[in-house]
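Down below are the structures I want you to see.
Note that subunit A is present in both complexes that follow, paired respectively with subunit B and with subunit C.
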Partner chain A sequence: MENTIICRCSDVTLLRVRQLIADGYTSMDEIKRITRLGMGSCQGKTCSLLIMRELAAAGFPPATQTPQTTRPPAVGVKLELIAKEAENNEKQR
Partner chain B sequence: MRNSADVVIIGGGISGCSVAYNLAKKGVKNIVVLEKRFICGGSTGACGAGVRMQWGTEMNCLFSKYSIEFFEHANETLEYDGDIEFKQKGYLLIADTDREIEQFKKNIEVQHACGIPSRMVSLDEARSIVPHLNTSILKGAAFCEKDGFLNPFHTTDAYYRAARRLGVEFLHPVTVIGLTTSGGRISGVVTDKGVIHTNCVINAAGGASKQICDMVGISVPVISERHQILVTEPVEPMQEPMVMSFGLNLYVQQSPHGSFIMGRGCDAEPRDGRVTSSHEFLSEMAKTITRTLPPIGKLRVVRQWAGLYNITPDRQPIYEKSADVNGFYMCIGFSGHGFMFGPVTGVVMSEMILGETPTIDASKLSLGRFGRGEMVFEPSVV
Partner chain C sequence: MITCELLVIGAGPAGLCSAITAAKSGASVVVLERSPDIGGQLIKQTHMFFGSKEQHASTRGVDIAEILREEIARYDIKLMLDTTALGIYEDGMVTALYKEEEYMKFKPGAIIVATGACERFLAFPNNDLPGVCGAGAVQTLMNVYGIMPAKDVVMLGAGNIGLIVSYQLMQAGVNVKCILDAAPKIGGYLVHASKVARMGVPIKTSHTVKRAIGEDHLTAVEIVALDDKFNQIPGTEEIIPADTLCVSVGLTPLCELLAMAGCKLSYIPQLGGMVPLKTGEYETSVPNIFVAGDTSGVEEASAAMVEGHIAGLCAAKRLGHIPEDFDAQYSSLNRQLMALRSGPAGEHIRQGLASACLNKEA
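Right, the complex of A and B next:
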């Protein structure tokens, strides 16, 4: 368990997740805030289902869970490209 | 759920957790914190968690100095088994107008009188502190090496866990929907999970603070405005201090794990409680950062989010023991600096509730100041 990485973006182990659940952090949002799990570039696409399974096994099934808020952007975008595009749009206006 | 308590605190952000910890440490029993989402689920969990002593009023300088000295030892004081990740590498305040430079100089005099080690720095020195700074658009800068930023989740968690060990009960998700009074005194808290009888309630509800005051008929001049923020992919360490500018409307830090976190304000932001994201923010932020710190423009933004600034007319908090409703207290209206005031909030409120002689003078921050026209004007506020 200590060697099983459950969140690859933020390097969080299965052991850590189970410890937190046992300590009363019983939702994706709570675990996320302590460990950064789900805050990396995949935004939880990889880990959130695994966390849901862990929570369900501990007695907190998905039906009782609020999903984490999905935020833009869908994929990482370079800031300077966004800036350039914003300036182009302003010129066209 | 329990049906009575000696003290009920509404809100599980940095304010509520700090008040709970301080009261419990002073020996108060039967404290309950009610939180509608989860601990750190409000503005505290959305914030930049910057702490700076570079203010323009003596009171704010002393408050933030108190907080910073607390944060320096908070892992030990709160016996935290994690790390609050205090990156104490300074705040570089940059300015693009002469007027702002003049203000910095005035502020530094106030700061020095409070024993704060801030100073003006030349553009060359600013570039040696932050090499990727585009100084061609700047007039000057000020620096205080003892400022910095923390991990807001872990800091709140440290307070939460310390309070829990001292016997404080945290209940969530529980939403407060009403307050009852009897003979001018608080008598209970109505929640979606039942009623808790109590004679002492503390409003630490952040963005919803006005609604809580409305429940006892107290009108407070606060609004909640959305503020947005974003984070990039993590990269090698390249920026030590927080870089901030009032004029350019920007703050940006590199967190210990490598990502850059940055935000700015906008007068057109909605004030209806929503914490959604907008593309206007993303565009403006991208333009500002690319112009001010060009190499950061090469990084990919991975997520943007938002929280609420609970704002008063002078952008200073309200620390109040209600004169109209006995047993009702509030610590609200923190604007953009309630995180860094967290340690102060806990001390001020616990002393106020227990009727102790204040060790930190926050008397200027009563609710009555607005009626009396005695607002606290802070020149360097966001």
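Right, the complex of A and C next:
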């Protein structure tokens, strides 16, 4: 289990996830806050279904689980580009 | 900020068809596509499609993409390639990124989200070794970029993607050692399974991967038989030398933009995971946000194209562009979908879609 990767972005193993679930972290958002799982470049596309399955095996069926909170942006953006867009907006006004 | 009537996110089969039908109805359309080219997964599909004439049956996926490209050019449709939608906000604003060069904002009258699906992953020891790949990724390397992706492959998953990619790997001269599936029965169409079986590839049902083996790169795959409760049977392990393990264990809808927008989602296993609830006009729980294709339930490209036409028709109607024959078009498209989903192969889709139905009046 220590060589089985659940989150490729942040290198979180199956062992770590099972320990956390046993410790009482029983939602995607809770596990995310401890491990940063789901916060990397794939934004949870790899791990979220695997976590759902682990939680289901621990007695929390998918229908009762709260999915992770998803927020923009979907991929990384340079702050410089956001600043440029804001400047253009000001000019348009 | 760019204002537009209809913003379509995704230029795969569903997105392109929705743009074409909405534009035909009179809407002006902007399409965002994160890839450098249109067509989505169609451009790597070198096999001929099933279905009926309306969905280009007996035509190769890659040729269908060309047909759609010609159609797009005839209408008021602005294509923005290399442009990734980043978010949909409460006020209906959409943000996007062009390459890594420009950050943009859009204010559309209506949105159709047609972002498709992504490959599922599996948990097994050493699953992060180089050489462990998604079957779809291998297919992209091979059919889109012309790169020989592997020498010796173990394919995990005997669904249609696993079977078709195995066949195409063999066409490219790759040695496919075996195809595994945890289920006791082959999931894909038997016509595809027979083709690879005739070429001498063993399809091992009730088998899975126990672990990937290798130091810096995959060198072998340890496989194991499963009992009828999917438990590994000790003593049945076998080590198969291979440089690539293709994981083809299904797709899951990409609906993160819908989640950001606050659309009601539900876990529906028959549709591949979390999916948006939608009305008969393909509108989500958030007004003016529509969906089409794999984003709202994993199926195949033929159904995605028909769903695209329906979403395009209905989104255009919302914007005030109602063709005289709206009812006839709408019912004809729904009849096409019913035909595609008929029979035992479509049963899980029919069940799943019934659970994803959103009744706004209720």
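Remarks
Heads up, the rule we're going with is that the second predicted complex is superposed on the first by the 93 of 93 C-alpha atoms of A that agree within 3 Å, B and C clash if a C-alpha of one lies under 4 Å from a C-alpha of the other, contacts with A are read in each partner's own complex, and residues count from 1 in each chain.
We take it that contacts are C-beta pairs under 8 Å (C-beta built on N, C-alpha and C of every residue); 3 or more make two chains touch, one makes a residue touch a chain.
Computed from a predicted model, the values in this text were never measured in an experiment.
Bringing the complexes onto one copy of subunit A puts subunit B beside subunit C with no clash.
Of the two partners subunit B and subunit C, it is C that touches the larger number of subunit A residues. After superposition on chain A, the vertex angle at the CA centre of subunit A, spanning the CA centres of subunit B and subunit C, is 150 degrees to the nearest 10.
By the touch criterion defined above, A:72 lies against subunit B and subunit C together after alignment on the C-alpha atoms of chain A. Contacts of A:82 after superposition on the shared chain: both subunit B and subunit C are touched.
In the superposed model, A:63 lies in contact with subunit C only, and not with subunit B. Once the two complexes are laid over each other on the shared chain, residue contacts for A:43 go to subunit B and to subunit C alike. Looking at the shared chain after the overlay, A:92 reaches subunit C, while subunit B stays out of its contact range. Looking at the shared chain after the overlay, A:3 reaches subunit C, while subunit B stays out of its contact range. Think of it this way: put the two complexes on top of each other by chain A, and the tightest Cα contact between subunit B and subunit C is 7 Å. The contact surfaces that subunit B and subunit C form on subunit A in the two complexes overlap at residues 43, 71-73, 77-78, 82, 85, 89. Interface residues of subunit A, counted against subunit C in their complex, comprise 1, 3-6, 8, 11, 14, 43, 45-47, 49-50, 52, 62-63, 65, 67, 70-75, 77-78, 81-82, 84-85, 89, 92.
Considering their complex, residues 37-41, 45, 82, 153-154, 157, 231-233, 257, 277, 279, 282-287, 289-291, 294, 296-305 of subunit B touch subunit A. By the touch rule above, subunit A contacts subunit B in their complex via residues 10, 27, 29-30, 33-34, 36, 39-41, 43, 69, 71-73, 76-80, 82-83, 85-87, 89.
Touching subunit A in their complex are the following residues of subunit C: 1, 84-89, 95, 97, 100-105, 118, 120-128, 211, 252, 254, 256-257, 259-260, 265, 267, 269, 273-274.
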